[in-house]
């Protein structure tokens, strides 16, 4: 840790101990979230999500392909994330690194485990032809909390996706069959303090990070702990509670944005 | 720029200002060109081209494959160039770098845009089977102006290629269907001087480079500007004129070499 | 060569000149060899071989695939070796390097040239379907002489492999059709001394290495010379003789281990 | 072939209703990103491009440094979802070539000798592609460089001209029309494309590529038209920068 | 779907006869390799894992060094023959994610500030895989680190709990059972998996992932059960280390 | 199998009319390239090979340097068009193995301790391949090294011997013939191949590989024959170098 970051750390920690944050937020409150959809006419679905200054674009392309042998009646999802050098002076071009892989896998897990895309409705011809859903996530501006921004952008794109049946001579286009999405909420910990939706400054001093995806029943659909710190059982229960609360609000905002 | 190259630069520039060059050539004249064909009996077509000391070998292999969905009646060309470490102390082995990629793409463009290979005659069975033409270019000795040497070697190989129909049980071998080739001529600029067919020394001090491919009607079929310098409109017109003149002579030499 | 290794070199050389070795072995004797098979129930065949402290695990997986066009009635072998960073502080993760490639190719050659796997019995349907035999070799602990340990582990795995016909709806599983294996014996040379089955210390000072694979007729099936030293004709003849002698003993031990 | 598509009608109107010397609609916004030192969002017809500039900063790896001046590294990248058929992520040969010629063009304009050993990184992200992305990318990069305060001799700008409608049903040449700024179908079924970039103050050409088939006269017309396009777009670039600075003043 | 597989019977017995809170059979052996500074062989149900530790040693490449403390680099790798369908050799996205979360978990436990600029390399090789390899790997790594004499605050240990049997034939939720340490078919056809790693002395959670569907109550049950599993395995780890040291004494 | 091809006739003549101990036609030219420090063009039967040597020069990257001597880096590469079925460009496992054994063989001959920290790069480019390219490549490399003036103890040379014609129609061994320098079809359908490289002055063997099936007696015969072949080719190498120097003198 450099001297600058140790000063920043003390400053942010002292704020947090008193329930305050740099930008005036409550400890468990998200920054302002905006969601736009249908940006990219070439894509089957697309969305731009901003959480504070963090900005992510997700696009969905679909293709006809073969099912995996062990799921002959099921469509396929594939999720990729690029930590584009556009978004941060610290991102480099090149093959995806550990961070980008973890990001893509956590977003993928949130989508997959919640069953938001009804994969069994994406079978065209059992054993022969299914739809492949490519979810590509581009980080455009990085100011902390990529997990939630990426996940939310992917969901907004998914919920507005049209299956391009016409392009493949399979009838008229129709909306991608979807179910209730799981909303991902990420918090970090430094010293003994927990905060939701970390900004970049807060991420840089974080010791541990946890992402919780919850559904509209209030159930948990996916979790991922990261970084080198640890949590007590009580901290984890607290985080789940707060993630649920935020999840409710974000879900509402998501449904408004996609017109549902 | 090192001191050596700045001395070289001044020397070559002073020569050029007086219309002279290191090797006694006129500013707009090529070095001696030799073209040999049918070197490699395993290849469907092959050629070795020397421009001065620069030496390039091109070989053509053909294979039966599937057409692209959007061109179901058309053969496919694929062009690759290796800046072999054989050819220069500065070339390294490994995956192709920007220079090799640009070289391959410019050669490819010259071939593709001139339509020298009649791709629509390389369809065996619409939507199912077409001929793939692999053009592989090996730089053997690098003394400047790879673009023209590579392009000319590719053309000489193309013009002497036999379609290996017999090997694929598709009847007798026959000459690759070809049309009028576009001849590529490259010039560089340093200070305000333009010269054709730069040697390595001249390339090393060049600020800008331009390649012009012209056909036997005197029309332009492809162009590529490179390096960090700029051109005025008048300079570009001048270069096109000189490229046309040289193109006529090189085309004649090419036809003689391939017996046409 | 560091000072340490030059001292070690002198020490080991002086021992060897008097027909002695660090661990008390004769110059042409192997360390203790143990062979276990059927370790990995997921694999079609598997074995762990220890030669002294060197430890190698080999596993065989089989799959149904297409034959090569030029051998339409023949199964396919593919051999890969990983110099796992588990096994040595000097091994790095990443794509296989020259050493791992040479190792895999020498093991592969020993297997292929001896015809131990009867590839012509691995044809399921001529031109259409054959068995592919994947031989994967993991170096677990590296204390010298990987060539022989890897080769022996591969053989022990091969000789206990069951063709997984049932998994592919091709009838009952049955033993992989095999013939007489060729046993690989490796020796190294330093100064004018030859020794068999080098330990890591001995390998580090070796100038030349030679691997000889011999069959039960006493014939030679594959050889590979490595490292920067040279051999006289007489040395090579001597090595072949000694390799044959060791081969007889190792073959016996192999057959006992696999219950043949 | 598909040459029976009528790219231009009897009145000289093009498929999308444009005149021969008319640009597609262009919208430029400067300073759209928080992290980047300078940035630009650009829409040009159906193209959507973001450019971000980082630098001058120490060039890494070290061996890429030039002890006498800064290096300019443009990186052109297309999003997987930017085109009809999903593109595999990561650079391909086409994007690496565009990155190279763009870097070279920008290096001519940037006052690189002010920053020895430094790198100026120009990231161009194509979110949606519809003919002419290299010109769109370079034009956006010019604005982002200016927004980043990178000293330059000028704001570089790019535009293409091309030729359409010259093939009759037998594929024979029948004249054709030199037009400004090819659209998607014009690019696919047209006869030539000539993208250029210039320094608008001096008119110097810093990027030039040509594909297709042009007579010398057509080339001259196309070059003149493309330069004209560049000059129009140059004004839009300046307006975008002005608007950003005005916004900045309002906020303060 | 395959949800008609009956993962748990009326008596609460699982497919392999285990009780709800029963672990699969675990066997741990410390110090099994000659070259490594510390090592461990672990069998856990059908999983077979070897872990080897090298270090502390100079971190290479240099730019990976932390001037204030050691870095812990776990590398999880599956043998090509470890699974039913041969796995292509080399790291895939899954193994790289597991390597990352394992490295992070171990770094919490190792006293890294004792070894500035050093690397501690933890190689985890999965020879045979059958559900739960990440827990098996981390548990083996803990023993190998202790065997290497790396100073730690504790010996880290991992275990998973999960949920099975909650889908009726229509795929509707019908309760289900929270169980310890999912087996292969439970993992494939179950409803949720919650692998965790803890520091057993303090109970702190150093790794946690969750896939599937759990109510808050089920999560609490699963977390409690997984911690219980960790504590049982922690004893097996210590026995293995003790046995090795005793053997060492006998030999001397 | 294809063993019904008659590789040798009743008179001991081979498919291409050669005698048992006869080499294919070899043509060597030294100093064929302008840029390289030394070079060689070699035709050997249907093989066409160019070798170029650069160095001694500073070894890069630095960590590849040996502070006590030069490293010799041979790089064997086959052109995509050198074989019947187009080869994908770039090194494959076979070419990397050949590069390795060739580097090791050459390093024995070069006086590497004269050039600490240096690299001597030997590039071998196979333009056309027809059995025996590794011997052709090493032989060309020997001439290129001499042409570059690299101090060596000798000019290395390579040649193979093999066995053909030993399978009757049932695939049973029936004797067979040990022959010099296998041609393409002999290599494909023969019984064994033994490529070696030697230092011709001392007769020391610096490269040796063997594939196939040889009795001890056959091995001895093959080795003797291959050494004989090497010695013949060694003279052709020296003639080529001599010719180049004579030409050099004529020009001056």
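We just call them A, B, C, D, E and F in the order they show up, numbering each chain from 1.
Operating definition for what follows: contacts are C-beta pairs under 8 Å (C-beta built on N, C-alpha and C of every residue); 3 or more make two chains touch, one makes a residue touch a chain.
These numbers were taken from a predicted model, which means no experiment stands behind them.
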{"item": "Labels of chains that are neighbours to chain A and to chain F", "value": "none"}
{"item": "Required minimum of steps from chain D to chain E, each step between chains that touch", "value": "2"}
{"item": "Contacts common to chain B and chain F (chain labels)", "value": "none"}
{"item": "Interface copy of B-F among B-D, A-E or C-E, judged by whether over half of the contact pairs recur", "value": "C-E"}
{"item": "Chain whose mean Cα position lies farthest from chain A", "value": "F"}
{"item": "Centre-of-Cα separation between chain D and chain A, whole angstrom", "value": "32"}
{"item": "Centre-to-centre distance between chain D and chain C (centres being mean Cα positions), rounded to whole Å", "value": "58"}
{"item": "Distance between chain centroids, defined by C-alpha means - chain B, chain C (Å)", "value": "49"}
{"item": "CA centroid of chain C to CA centroid of chain F, Å", "value": "26"}
{"item": "Numbers and ranges of chain E residues touching at least 2 other chains", "value": "none"}
{"item": "Graph class of chain-chain contacts, one of line, ring, star, complete, other", "value": "ring"}
{"item": "Ring of chains, enumerated from chain C in the sense that reaches chain E first", "value": "C, E, A, D, B, F"}
{"item": "Chain B to chain F touching residues, read off their complex", "value": "39-43, 46, 53, 55, 57, 59-61, 63, 80, 82, 84-89, 93, 95, 134, 136, 138, 140-143, 167"}
{"item": "Parts of chain D lying in touch with chain A, wherever the complex brings them together", "value": "33-36, 46, 48, 50, 52, 54, 57, 75, 77, 79-86, 89-91, 121, 123, 125, 127-130"}
{"item": "Touch list for chain A against partner chain E, complex", "value": "1, 98, 101-102, 104-105, 109, 113, 120, 210, 215, 217-233, 236-237, 240"}
{"item": "Chain C-touching residues of chain F, taken from the complex the two chains share", "value": "1, 68, 93-94, 96-97, 99-101, 104-105, 107-108, 194, 199, 202-216, 219-220, 223, 227"}
